[in-house]
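Going by the order they are written in, the chains are A, B, C and D; count residues from 1 in each one.
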Amino acid sequence: MQERHFNLLCIFFLLAIPIAGLVLDEPYYITLATKVTILAIAGVGLNLALGYGGLISFGHAAFFGVGGYVAGIIASHALNYDPILEWPFLIEGTTQMLILWPLAIVISAFFALIIGLLSLRTNGVYFIMITLAFAQMIYYFAISWPSYGGEDGLSVYLRSSFPGLNTMDGLTFFGICFVWLMFAVWLSSRMTNSGFGLALQASKQNAVRVAAVGIKPFKVQLIAFVLSGAITGLAGALYTDLNRFVSPSVLSWHTSGEIMIFVILGGVARLYGPLVGAAVFIVLEQTLGGVTENWQFWLGLILIIVVLFARGGVIGLLTKEVRNE
Amino acid sequence: MSITLFIEQVLNGLQFGFMLFLMSAGLTLVFGVMGLINLAHGSFYMIGAFAAAAIASWTGSFWLGLLASLMAAAIAGALVEMVVIRRLYKRDHLDQVLATFALILLFSEATRWLFGAFPLYLDVPAILSGSLTLPMGIVYSKYRLFIIIVGILIAIGLFLLISKTRLGVRIRAGESDREMIAALGVNISKLYTIVFALGAALAGLAGALIGSIQSVEVGMGEPVLILAFVVIVIGGIGSIKGALIGALLVGLTDTLGRFLLPALFGAFLDPASATSIGSAIASMLIYILMAAVLIYRPSGLYGKMA
Amino acid sequence: MSDSILSIQNLSKSFGAIRASEDISLDLHAGEIHALIGPNGAGKSTLIAQLAGEIPQDHGAIFLGGQEISNLDTVARANAGLARSFQVSSVVPNFSALQNVMLAVQGNQGRTFTFFKPVLRDVELVDNARTYLQQVELEGRANVSASDLSHGERRKLELAMALALEPKVFLLDEPMAGLGAEGSKAMTALLADLKHKAPILLVEHDMDAVFALADRISVLVYGRIIATGTVEDIRNNPDVREAYLGSESL
Amino acid sequence: MLKKLTQLAAATAMITTPVFADEAKVKVGMITTLSGGGSGLGIDVRDGFMLAVKGNDSIEVVVEDDQRKPDIAVQLADKMIQSEKVDVLTGIIWSNLAMAVVPAAVNQGKFYLSPNAGPSALAGKGCHKNYFNVAWQNDNLHEAAGGYANSTGYKNSFILAPNYPAGKDALTGYKRFFEGDLAGEVYTKLGQKDYAAEIAQIRASDADSIFFFLPGGMGIAFMKQLAQSGIDLPVVGPAFSFDQGILQAVGDAALGVKNTSQWSKDIDNAANNKFVADFQAEYGRLPSLYASQGYDTANLLISAMDKAGVSDADAFRAALKAADFASTRGDFAFDKNHHPIQDIYVREVIKEGDVLTNKIVAVGLENRSNAYVDECKM
């Protein structure tokens, strides 16, 4: 099977599952599909840095969490009729997605800019670990910062609103997330095929060569890292709306690890890799979890087998399309 | 604040540091020699602790428990290396991360299967329990002093092993040039298994030593694993010396930070918010340290410049 | 001095007690190939790295087209018009030959930061890149992955990338290395053409090629230039003979 | 007219059908921690609950593992409500997970019976008519510890807890009843296992007693290290670090420690004796605090089902509120914010043969409700 056809199949399944959930009266399917979609967006974000840019970030939970908290904090202020800032000028909270999204994107991009500026001085394992360090700082800060619930997290009770849509309806919200996923995939496809994408992928393979033709690899990589953080931050904001809740656990290193696993499991530097990875992971978690209490054991075993015998991730295995990295 | 309290805290920091050194030595060796990122290193820490707890409660001897921790972790390490890890050396870091993450799940659940969900009992032996009085009237736990001594002995042992023995020569050669030592007729896969098992054994020993004063439970390896990574990154990956310095630095920073920061904030804040804010920053401190070191020296303190 | 495109003045660099380059001065005039020769360890590669901006000098200055570039980094020097090839071929391995050259064209034209236009559909850019491939006779291999090119082809690809920068000066580090007799001949022919686009500073071990191509030669020994002159001057210079004593290549 | 009749018929059918088919049936969704760290607590709650409903055909229980992750818990709650269509939710161990799940669940008309977590937000302003806490309000055990410290005559306590909301509540709870001075107040990092630095501070202080709240492995580590340090100060804490599941791991270091609990296996009443005996017979181990809470939760549910069908939410709620069941801890009633009014005991860790366990030595607070009742507008 060609990768293109496989990708179409993926989209078909992703759409089919919530519809099946509706028909079979299993609304939980819709929730699961939405979760997969949102995590896939986070993965698409990471894939830009990790897959195409070779920037192995173990700290993307920071952006996921920051995006989530931005959405959560602003919405909770609105729900409690408690302005965010009264002086020097009044800033009210809002539950309007059209305002929350850009804010989540911009603020997580800002965090990515700061973290990227400092982290890109290193490379290899050092880069992996310094990104982790920054994420851990934010994690511990969130746990001990009392204003927004600390470890208890922050409930927002109601999903944020979108003009003309009932976002509390599961299928509608899935639709919103699905559109975002398609947009993120389209964006990353455009970007990786652009002049910028060419320079980014070249920087991954041979940064010295890129510098020798007069392009700053640092600048290219920093831009990729910021875009990557922004996309992951958006996913975080959507995840807050899915759960109507956000807590420091989204900032923990487990989250970074999981997003990374989606990308690797699906297939690094493949457009639909994160979607496939997230879907496979969630389906395994759900089905194994229903069968045995020790489901993590079997999950571990399956993951090892995938790494050892399916190079290029699940997509690589199923499409037999070789991709050099 | 009294000077004895400060010295006691420094000792605590050193003890924490030496424990971290036991964890990080194996991690940094495995990375230096085989180029492998091993997230499952914390599992050997856990295996060591559980083996020690099981054998100690079965035989009643703490020392047999310690021995068991070394053996169990070494055997587990060797087995894992032969079955899974050796297929990963030529893979990129991403595959290694995924596979060793999967190993964590595997080991944790297998341990829970075998030993149940509740923590196990492991206590320090009678001879080391209680505390003694050091000069200047410092009262200090015998067992913590014992950990410091074990740490120092193992550090010396490792330096001798690396610099004086044939195995050490091979390890050093392996770090610089893999093809060369293969050409010299060294059995590389055996060497790798030995190095991996050695690292695992040290982690297992750390698990048993620390399990005796902390708790022996599933998942105990993960927080320590993150700390061990912080240590080897600060020290420079592949450098035993770096691991030692990094471990002591992290141990001292963390311990003294927890103790001094709240006091510092207490100087200008009310006590409740001082402890709250102080400890919040203290919990971020080692990560701040690591980021600062890497920004200043992108390859760690003793790492080879890339 | 007015026609010297690249001018190196009193360049020095020490690593601890080792003096890698000592008081090196050298000029590259328009239209010439200036060869830099010397025994192994003489400091040729260090000099190239200094010129490219990878190693900062301790003393001295470098001028390109009358502008001082001593304190610019690699990227800025490339943008100022310094194109280099590497001693060990340095291309982007998983890119096709065409993509490699396109990268260089982008770098030269400052068009890297376009985010939405698919680069392979940028007709102007692609055509541009193909022209450079043509100039090194690689147009037939445009869509082959660089890692699948032969050694000689990769050498040519590097030249194409250097060409694509439309530079003021070429810095070529042993372009003949590893090429067979046939390959060397082809490369020699290419370089003879190339010098009309921009002067070449050529580091090379292959003395046949050096004597065939070079307008002037400088000899570097232990980090110092012991002689500079025409091919004839150098052939007859006693110091050079001394330095190369026992070497069959002279 | 005809249309109206059909509507009426349909409406009647909707009311009456449950009476025939599901009159006594209740579907329970249990979300609890069954894997990873802290799974021991969830397993005990589940086992206690299952023991009580064993052989009861009218209760169907769906159990899911939340992995101690709030986002997973929220999604499981969605699944329970949307797909499984449960009537009652229960099982959550941790306050942060409860905060994530409970408000949304009760606002969708489901009942939530908490077998463990009792965050202050859900007792005060965030209280809800469909939320019942069968265990305690989070502050209760700490308050009792403070009360006990007073009655014993402690004047200068060193207190410590992890730096997260439940930890802060714990110290606040202790201070609410403790009238002496504080020799030190320390917040530790959540998940921290080495307490050398804190113990050194305790040694350097002139404290006459120690109060700590360090759940799970943190408490084991603290107790062992305290015993090693040679500090010989009386220790008071909530039951969490000295309960049956964890006590063996603490070892002799725990002997003599006073801990506060609303339950103990030596409370002498028929319900408790039966529970302890049945639990041991069924699972081959001594029951824990958490198991007793799971057991009581199930019995509360059964008592309500005897009085009303779950489809009649108001009647069912009133039946729950009456708390007309034989609790393992003796007297039990709900205050108006649906949190227990109960005695909190002080237990001492003792050894029965080779097994460490607890015995009641005093009552810390009698008929204690909680500090947030007046904030609850219900």
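Operating definition for what follows: a contact is a pair of C-beta atoms (placed from the backbone, for glycine too) under 8 Å apart; a residue touches a chain by one contact, two chains touch by 3 or more.
None of these values were measured; they are calculated from a predicted model.
A.B. asks: Could you name all chains that are in contact with chain A and with chain D at the same time?
C.D. replies: B
A.B. asks: Give the label of the chain whose average Cα location is farthest from that of chain A.
C.D. replies: C
A.B. asks: What whole-Å value do you get for the distance between chain C and chain D if each is reduced to the mean of its CA atoms?
C.D. replies: 75
A.B. asks: Which whole number of Å gives the spacing of the CA centres of chain B and chain C?
C.D. replies: Centre-to-centre distance between chain B and chain C: 49 Å.
A.B. asks: Need the CA-centroid distance for the pair chain A / chain B, whole Å please.
C.D. replies: 31
A.B. asks: Go ahead and note the Å separation of the Cα centroids belonging to chain A and chain C.
C.D. replies: Distance between chain centres: 44 Å.
A.B. asks: What are the residues of chain A that contact at least two other chains?
C.D. replies: Expected reply: 140, 143-144, 146, 294, 296, 325.
A.B. asks: Can you list the residues of chain B that touch 2 or more other chains?
C.D. replies: In chain B, 108-109, 112, 276, 279-280, 283 touch at least two other chains.
A.B. asks: Let me make sure I understand the interfaces: which chain pairs count as touching?
C.D. replies: A-B, A-C, A-D, B-D
A.B. asks: Within their complex, state which residues of chain A touch chain D.
C.D. replies: Touching chain D from chain A are residues 25-29, 31-32, 35, 140, 143-144, 146, 149-153, 155, 157, 170, 239, 242-245, 247, 249-250, 289, 293-296.
A.B. asks: Tell me, which parts of chain D touch chain A in their complex?
C.D. replies: Contacts found on chain D: 34-36, 64-65, 69-71, 74-75, 78-79, 82-84, 95-96, 99-100, 103-104, 107, 119, 121, 163-166, 168, 187, 189-190.
A.B. asks: Using the touch definition from the top, list the residues of chain A that touch chain B in their complex.
C.D. replies: On the chain A side, the touching residues are 50, 56, 118-119, 121-126, 128-130, 132-134, 136-137, 140-141, 143-146, 253, 257, 260-261, 264-265, 268, 294, 296-297, 299-304, 306-308, 311, 325.
A.B. asks: Show which residues of chain C lie in contact with chain A when the two form their complex.
C.D. replies: For chain C paired with chain A, touching residues are 52, 73-75, 78-79, 83-84, 86, 90-95, 99, 102-104, 106-108, 110-120, 122, 125, 145, 147, 161, 164-165.
A.B. asks: Provide the residue numbers of chain A that touch chain C in the complex, in ascending order.
C.D. replies: Per the stated touch rule, the residues are 190-191, 193-199, 201-202, 205-206, 208-216, 220, 223, 324-325.
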